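In what follows, chain A forms one complex with chain B and a second complex with chain C.
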Partner chain A sequence: MSDTPLPSVATTSVRDRPLPEAVRRLARRHHPRVYEALPWLLATAGYFAFPDYRQLGAQVFIAILFALATDLILGYAGVITLGQAAFFGSGAYFCGILSAHGWSEPLSLLIAGAAAAAAVGFLSGFVVLRTTGLTQLMLTLIVAVMLGEAANKATGLTGGANGLQGMEIAPIFGVFELDLYGRTAYCYCLVLLFLGWLAVRTLIYSPFGRSLTGIRESEARMRAIGSPVFRRRLTAYVISAALCGVAGALLAETTQLVALDTLSFERSGAVVIMLIIGGVGRLYGAFLGVPIYMILQDRFAQADPTYWYFWIGVFLLLIVLFARGGIIGLVERGARLIRPRRRSVSTPGSENIG
Partner chain B sequence: MVAEPPPPDNAAKQDFALETRGLERSFGALAVTRNVDFRLEQGARHALIGPNGAGKTTFINLVTGALKPSAGRILLGGSDVTALPQEQRVKRGLARTFQINTLYRGLSVLENVCLAIGERLGSGGRLFRPAGSHREVLLSAYALLERLRLADDASRLVRELPYGRQRLLEIAVALGLEPKVLLLDEPAAGVPSAESGIIIEVIESLPADLALLIIEHDMDLVFRLARRVTVLVQGTIMLEGTPREIAGDARVRDVYLGEREHR
Partner chain C sequence: MTDAVSAVVSIGFHGVAFAMVLYLISVGLGVTMGLMGFVNLAHGVFAAAGGYVMTTLFNDEGVPFPLAVAIAAILVGSVSIVLERALYRRFYGGDELDQVLLTIAIVFIAIAGAKYIWGSEQAPMHPPHYLAGQIELGGRDFPAYRTFIIGAGAVLVTLLWLGLDRTRLGAKIRAAVDNRRMAQSVGINTSGLFSFTFALGTGLAALGGALGAEILPVFPGYPLDNLIFFLIVVAVGGLGTIRGPFFAALLLGVADTAFKYLLPEFGSFFIYALTLVILLVRPRGLFGQIGRA
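Up next, the complex of A and B:
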């Protein structure tokens, strides 16, 4: 075919030349950047700066891990979900029930919680992921509601509305006791958040993660290039569920209590709102969205104890109308104003949704 | 599956690149595809024409597996793929483009092609190693873009790309799959003639052993690109022949060319 009229722009193959700029840009996209150290530095500093807030800090890390795991499904794979609490709660309850029956080693309990949530994700994903749009949204919601109702009824196992009590958690590695001041809990949750973040970061830069983004951008094209779309989505769904399960199990271990609200619609809804505030489909959306949501909730509740949720709604409306892509989206736009041209390509996961 | 051209009477022995037998598809009471027996030879340059609503795109969707047929069989290189899902048919060398641009609009031009090449090379589902370190995928993608004169736009997001360039990228993504059978659904539709030249050039320079089926409205293009033409009317094949035969046929003029004059 070498005699065909189609121009060969370069006489030498691209393999024999220095890498073109476009290739280099993609090839180094996954490299760590300086700003990525920021959340971890802040979190470490927070331990010393706010010793009275370590328990709260641990809860924030758990919420961020939960949001991060949810973003994998919502932001990257484009699955519309209002039922992530199903996985969070499964992890929390399974961990809690085992612990109440005498299994007290915390790390294996986390793994157990992850496995339980992954199993729920696998089974429900089989049905949920065969649907699209509103049906899918309702199915995710229904799975969570059904599990919540089951936990409510099975009082013998879960403690029902009174919550699951009697958990015993052994010291981590047999050394670090989960103390009242949250010293251990803070570090424990931070380390697990870091590991979870590492996992999600690795995933979204991997070919698998890019194919999830491809599915979100155009499912039809993804099928047309021979991608097993359902299997990819199901894999992502199960991984996300497992991470949500870890977050739930962490909550159970650090509070030594599991209540029905771990499976509640409010939890599923809040995590989506947090992501929208921070930026859906952006690795750091969870890191910004969760604290902002929590601060707002605190402030609004003080200013207007009855109708604080209304003000959350107003804030959300403003974000959706004027700052699509959330806070991270705003930052990206700002960065593009300062340094225009093509930066958008090199920041990963910065692609807008639909 | 040797591409050596056998004499016509030997055709029964030869495996067609693509074949449908008694293909049917209905949407409710509406039969969109009716008993279509279609054959695409190895290395074919074949056009599928027909008035709007004749079922051309439905035919493509049936062949690729995006839709399931109500009845009939689909054979790819002689083996039955009717029961295979879409991705398996792609793995066997069937690629398509879309009439309406169906690209990853939020991704760069280069990455659009990378995704296709990654799937072809089997790295599309890898969980750990970063996509950016799959050097072979990146370089193959870039080389393909250079061949199609898209390299200067490699880093641009697709949604920032002019429409004509997007049409070209549609073909590039399909070529990234290195198909044996390529289905082009109105590749130059809506592209101003000043920009359609490169698209036609690309189609003309496709490998000789690739079987090409092109859906097209533009008769000039059909004459230029196709050696065989099939006319689809109301979901069924009305006529098949050389472009000259088709153009000379009174029924085709009535049904198809006539309709174009009315519009």
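Up next, the complex of A and C:
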């Protein structure tokens, strides 16, 4: 896919004859579909249906935002990363440190967190994106664990192993106080998740997003048609990092605590697991994978506190053996079973992406 | 002056012992990744299994130490063939993310399994009486067991390298690592070779885990906690080489021991920084021949 905007392709051929079906599909692929309202309706309903779980709900939204941002580089730019916590943690810590020093306005703190994470993403992206394969995976991992060690050591700034305490967060817009019951936190996180989703959605359907997919599918061809591969990847990396930073800052603000686990390998691993469960490189993978994983983990941990790892492991094994492409892949195959005579351009909205 | 000398000797000694363990565990990982292009995050499971089997046999069943180590290696190697045939094989040449998820699932199940069978505590490791205490070498005292690890490691590494250089099987493995399709075309059964190499790698990992139980304590979280070290050895050494990881392990073992001795409060920070710099300068590792995993 080139950088030429799609409409111009359409206008040249529209004069002579009707557009082929595939082109028309491509041209309207970014149009919102009815089912896309579903997660937001569910989330709004959840506020009223489960008042006791609003704090947890806010955490789930943060995790979804984190996963959504991660998918940008894992699923779209095709970088196998085990170090996304580097950005999540930098966002959380920067926001937390500022707020502990008396800067309490929440929205500007989010921006600060995003900026810090973007800076880390820019610096590490320069290094990480020059490599491939195992080396790349190692570098993402090492950046995160290095930051973790640094945060652990810099106790004066970060509180070290005790976590960063003493954060003060002012009411949002000076009106909505972050209360104990998570009413504000739930809405606040939901709104930011929505904005983040809107940004990611716009991005992946834009020519820029298409060129990212192109790079993932065949780097050599994209180079051959003159796409600035490294710059595109770096841009995606920085955007993803900034969004991860927002997620981290949100966690810091809503829990008023930043601990070392925001930078941990477990967090980097978990977000990748959640994405694979949902479906990598699919806009809604994060929306399915994160709640499923978090709910299962919660249930298993309650039912069997000692061996819940076992059940999570078995679940992941089942996913990887019988549901490649994650839950979304499974749903699509199911849909194809029901309607097998569909024409081969494949399901709308999924060509080349998945 | 004598203090500095003894510090250097001590760091070198413990570093080399650590390096031997790291190499034995990681060499199989490098081969699996290089040969099959498989991202195996579960490799530490085999090392931990080796440590558990050995300590159980040696401590509880009274099996002699060398026999316990040998049984652990052979048992883990054989069991791993089943795992390779049943699970790993399906994902060769597939999506790397599927491999990541598969091996993480194996790690989770293994951690829970280890907890169930052996409990959350660290498996107790006391060297056999004839390897306990100190021995004197060149006017200095060294822990006997670590001296034994260095010696045993050197012998095993020599055997491994000789085997790969001088035997027909070794030639086949080298051929398959260099160019799998060509090896297939000239009639090498690469599928069987994969299973054998996998078992060899996990067997060596079990050996490393068993011998090194005193340096890298065996507990349920072992496969996850030490994963970064094993990956660093492979990435710095380079994929598709047998010797590369050895020098990477030496570097890592000695450097880690030195940093922990000189600057203990910084933990593993400098090791990570060192790895970062090496991978920056040589993205394929020090001796890497395969560019892409």
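Definition applied: the second predicted complex is superposed on the first by the 324 of 354 C-alpha atoms of A that agree within 3 Å, B and C clash if a C-alpha of one lies under 4 Å from a C-alpha of the other, contacts with A are read in each partner's own complex, and residues count from 1 in each chain.
We adopt the following convention: a residue touches a chain if its C-beta (ideal position, glycine included) is under 8 Å from a C-beta of that chain, and two chains touch if they have at least 3 such contacts.
All figures in this text were calculated on a predicted structure; none of them were measured in a lab.
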Winner by number of chain A residues touched, once chain B and chain C are compared: B
Touching partner for A:F265 - first (chain B), second (chain C), both, neither: second
Which of chain B and chain C A:L26 touches, first, second, both or neither: first
Which of chain B and chain C A:E149 touches, first, second, both or neither: second
Touching partner for A:R233 - first (chain B), second (chain C), both, neither: neither
Touching partner for A:T306 - first (chain B), second (chain C), both, neither: second
First, second, both or neither for A:G133, with chain B first and chain C second: second
Which superposed partner A:R324 touches (first chain B, second chain C, both, neither): second
Partner chain in contact with A:R223 - chain B first, chain C second, else both or neither: first
On chain A, positions contacted by chain B and by chain C: none
Touching residues (chain side chain A, partner chain C) in the complex: 74, 80, 127, 130-135, 137-139, 141-143, 145-146, 149-150, 152-153, 265, 269, 272-273, 276, 280, 306-310, 312-317, 319-321, 324
Chain A partner contacts - residues on chain B that touch it in the complex: 64, 66, 85-88, 90-91, 95-96, 98, 102-108, 110-111, 114-116, 118-120, 123-135, 137-139, 142-143, 146-147, 149, 151, 154-157, 173-174, 176-177, 201-202, 204-205, 207-208
List of chain C residues in touch with chain A within their complex: 33, 39, 87, 90-91, 95-98, 100-102, 104-113, 115-116, 224, 228, 231-232, 234-235, 239, 265-269, 272-273, 275-276, 279-280, 283-285, 291-293
Parts of chain A lying in touch with chain B, wherever the complex brings them together: 1, 4-10, 13-15, 20-23, 25-30, 202-203, 205-211, 213-214, 217-218, 220-229, 231-232, 235, 342, 344-345, 351-353
